[in-house]
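Listed below are the structures to be examined.
Two complexes are shown next, each including chain A; its partner changes from chain B in the first to chain C in the second.
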Partner chain A sequence: MLKAENITKRYGFQTAVDDISITISDDSVTVIVGESGSGKSTLARMLSYIERPDTGRILLDGTSIGRRTAKATRRNVQLVMQDAASSLDPHQTAEQVLDEPLKLLLKMGRPQRRERISELTDMVHFPRDRLKNKVSELSGGQQKRLCIARALAAEPQHIIFDESFSGLDVTLRKQILSMLKELRKKLHISFLIITHDLDTAMYMADRIYVMRFGKVIETLERPTSFLDLKEDYSKELVKAAEYKRQALYI
Partner chain B sequence: MLKVNGLEITARSTKEQLVKGISFEVGKGESLGLIGESGSGKSLTSKAIMKLLNKRVFNMSGSIRWKEQEILGRNAKLPKGYRGRQIAMITQNPMTAFAPMIRLGRQIEMGFDVKEKKAKQEFYERLDIALKNVNLPDMKKITNSYPDELSGGMLQRVMIALTILQSPELIIADECTTAVDAASEYMILCELERLRKEGMSMIVVTHDFGVAARLCDKVAVMKSGSIIEQGKTLDVFKSPAQDYTKQLAQASLLFREGIC
Partner chain C sequence: MIKRIVSRLIMLTVVLLGVTLLTFFYTSLSPVDAGQALAVRRYTRPTAEQITEVRHELGLDKPFAQQYISWLGKAIKGDFGNSYNTGKPIIDELTASLKPTVTLAFISLLFTALLSIPLGVLSASRKGGFADKTIYLFGIVCMSVPNYWIGFMLMLVFAVQLPLFSIMGADDLKDYVLPSLAIAIPTASANIRVFRSSLLEGYNSDFVMYARARGISERKIAGMVSRYALPPLVTLLGQSFGFTIAGSAMIEFVFSIPGVGSMLVTALGSRDTVTINACVLVIAVIFVAVNFLAEVINTILNPKERAYDR
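Entry: the complex of A and B
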């Protein structure tokens, strides 16, 4: 279980995250929804210990994450960024990308690594014959899959997706999201998905947090309908999501 | 108004045919949606209409007629104000659309060629309203900043406001809401819908059926360079003839329970 207790983060005079407490339970999908600039990404960076909170603490399975426990955290909490192309080294081949965490974090031998790599590529439906290709030669969807495979390689408990699906076209988004649903059932990992798209949120979530101006304004357990959202601001988000859908149902 | 007939685009280096003889028509006040996944040739088509493709890289054949005048041929001349006053395009990547070393305010002024003090004042009042319509309430902040100080979504909205301010006869919107968040997308779509009701023609390039349903009377579904289905938006969405269209329609709405 990954837990944030009353964390605050300021940049100069701006408060990006303001006294937030959230819980990400094991084997579940948590979604954080909010507009750009509401502090979602800052929260994700703090949960994966890339940045430290000014006040408050982050607990992984009951132990507070500090400088000493940071290394274990990084393995257990993986972050998948928005832009796949810029979070991968363009000179590495796909195989090298997956090889690195296995070698450095799990200290596997070469034959084991080779086996694990083909397992990972099958998991995310990455075509095996493209393993020898450079990252820059892969398509956008393949790069995204590779990023997810790299996160899975470390055998984490939690994976955080920071707007990972927003630039994708709709067919690809659907493919990747349903792949993730499948993976979660198989591997019992918990996902934290950060998005501004309510459609994605409702499709995936066990629990939804709505954020605005650095605060959590609404929490929703096991959402079944857009109507479950009660706050004024959440309703506005619903209106925005419904706007496109209504046109298709007239 | 715009007639595209048998447009073919080939890459000169690989001889690969990227757009395979597509034809469509956009009349006055009409709005057409080009739908398809990435890499299906939607953006190439819209760039070809704007004549933004490099002739040394791409070989184009077929015909594009704007107000009965051929645009594509070897000796074709572009009418005055073709790009801008007649057809304006909202490009996909807002980061590369602005000059990085000039403040946005000055860049915008340059484009509209306002010199006198009075005209300038008037122009900025109009700009203020246009920016407010796309969810950017603070004009001073925008005009005083350099492009890299704003986020991608904000720049996209600035670009949309500028396009609207130009009041062209045809707008080509190339994936214009992909980079922005849901609340801003809503405002942009509302604004574009308002313009459409006022009788502006549009070509909306998108991969989202929801956007197309809001903005377009008819859609053309593209796959690997050719148009595989064409018709009224809701007809295509509700009873798609091709399997690919069906997939696309299903992927546009992930969450089906609840209200609908």
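Entry: the complex of A and C
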């Protein structure tokens, strides 16, 4: 279980995350929704040990994450960023991208790594004949799949998707979300999905947190319909999503 | 990549043709008639017939297009004719002048790289700190003063007060140190800012943030960022080499180096149009070739560029 307890993060006079407590249970999908600037990505970076909270603590299986537990955190909490292209080193090949966490975090030997890379590519439907290509030579969809495979490589307990599905066309987004649902069932990993897309939230979530101005304003367990959301701001988000859907059809 | 290189080579050939055409056109616009200038030098007080004779000898009585095509045809074979000023073959004078200029450009390029890379890394790694601010301030001062002034100051300190280097001439490599530094200091000052920005952009990029999150060592990260930040610096170094070849006249003059810059200035003063055209062509060829080389290196260094070619 990954848990944030009363965490706060400030940048100068700006409070990005304000006294938040959330829980990401094992083998579940938690979704955080909210408008841009609501502190979702800062929260994701803190949960994945890229940034440290100013106050409060983050617990992984009951142990506070910090320098002593850094290695375990790096292995067990993986992050998939919004822009796949910029989160990959353009000088690496797809194979090197997948090889690195296996070598660094799992200390696997070469034959084992090769075998694991084949498994990973199959899991995310990444074409094996593209493994020798530089990441900059891959399509957007392939880069996204590679990022997911890289996150899966370390056999983590939790994967955080920070706006990872925005910017994808509808078909590709659906393919990737379906693939993630299958993977979760198979591997029993928990996902934390950060998005401003309510449709994605409703399709995937076991629990939804609604964030605004760095605070969690509403929590929804086992959501079945948008109507379950009670807060005015949450209803506004639903309306906005509805408007966007209509605009697409026009 | 090969396709891109070939298309770029074709484009550069067109650029060079354009440069020769423009230079030829502008020198033909000169109010001083080159034929008359040579006749004055040859006969002191030439008659109209003597001027016509010289003009005919130089081919200046032919239409512009014919003059240009004839000159270009010979220039491609390396025959630029004889200097109106000295009467010697221009190719011989150019070959002799190119050696010191190219040496100067190479050494100044080396100094520029030696100053830009470590100071750029230092400035980026100490962002906002004392070292960064000092480098910034020193850079602004060095960019604001002309390179020949820096040359005079270097000469004053290192050749007059501390007699470590000679004041003039280009007999051995040591003689190139001060002029090269005079060119390199302002150039490196500008390059440091660009390299610093590229490094900072690299350090702030998502893939570096992700690498840190995975526990990759800072040394390996520095390698990743350097590869990311090098292409803009390579372009600038290539350009600075070209600019040194094309614009070294003042420094050559200050340090009495008999290079292409000095040769061009002398030719301009004496309306030696054939020498001017030859110098401009050679400078343009070197400038274009070095920039092309920088672009090829960048394509090799930058996989995004290579991906763009596919």
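General observations
Heads up, the rule we're going with is that the second predicted complex is superposed on the first by the 243 of 250 C-alpha atoms of A that agree within 3 Å, B and C clash if a C-alpha of one lies under 4 Å from a C-alpha of the other, contacts with A are read in each partner's own complex, and residues count from 1 in each chain.
To be clear about the criterion, a contact is a pair of C-beta atoms (placed from the backbone, for glycine too) under 8 Å apart; a residue touches a chain by one contact, two chains touch by 3 or more.
On a predicted model such as this, the values are computed, not experimentally measured, just so you know.
For the composite obtained by superposing both complexes on chain A, the positions of chain B and chain C are free of clash and fit together. Of the two partner chains, chain B is the only one touched by A:H196; chain C is not. Touch criterion met: A:L88 reaches chain C, while chain B stays clear of it.
By the touch criterion stated above, A:K134 is placed in contact with chain C alone, chain B being left untouched. In the superposed pair of complexes, A:I50 makes contact with chain C only, with no contact to chain B. Contacts of A:S36 after superposition: chain B is touched, whereas chain C is not reached. After the chain A superposition, the centres of chain B and chain C are separated by 60° when viewed from the C-alpha centre of chain A, nearest 10. Number of chain A residues touched is higher for B, counting chain B against chain C. Distance between chain B and chain C in the overlay is 8 Å (nearest C-alpha pair, rounded to whole angstrom). Shared interface residues of chain A, touching chain B in one complex and chain C in the other, do not exist. Residues 35-37, 139-140, 166-167, 169-174, 177, 196-200, 202-203, 224-227, 236-237, 239-245, 247-250 of chain A touch chain B in their complex. Only residues 37-39, 151, 153, 178-186, 189-190, 207-211, 213-214, 234, 237, 247-248, 250-255, 257-260 of chain B touch chain A when the two sit together in their complex. The residues of chain A lying in touch with chain C in their complex are 48-50, 70-71, 74, 79, 81, 83, 86-91, 100-101, 104-105, 134-137. Within the complex formed with chain A, the residues of chain C that make contact are 205-207, 209-216, 224, 227-228, 302-304, 306-307, 310.
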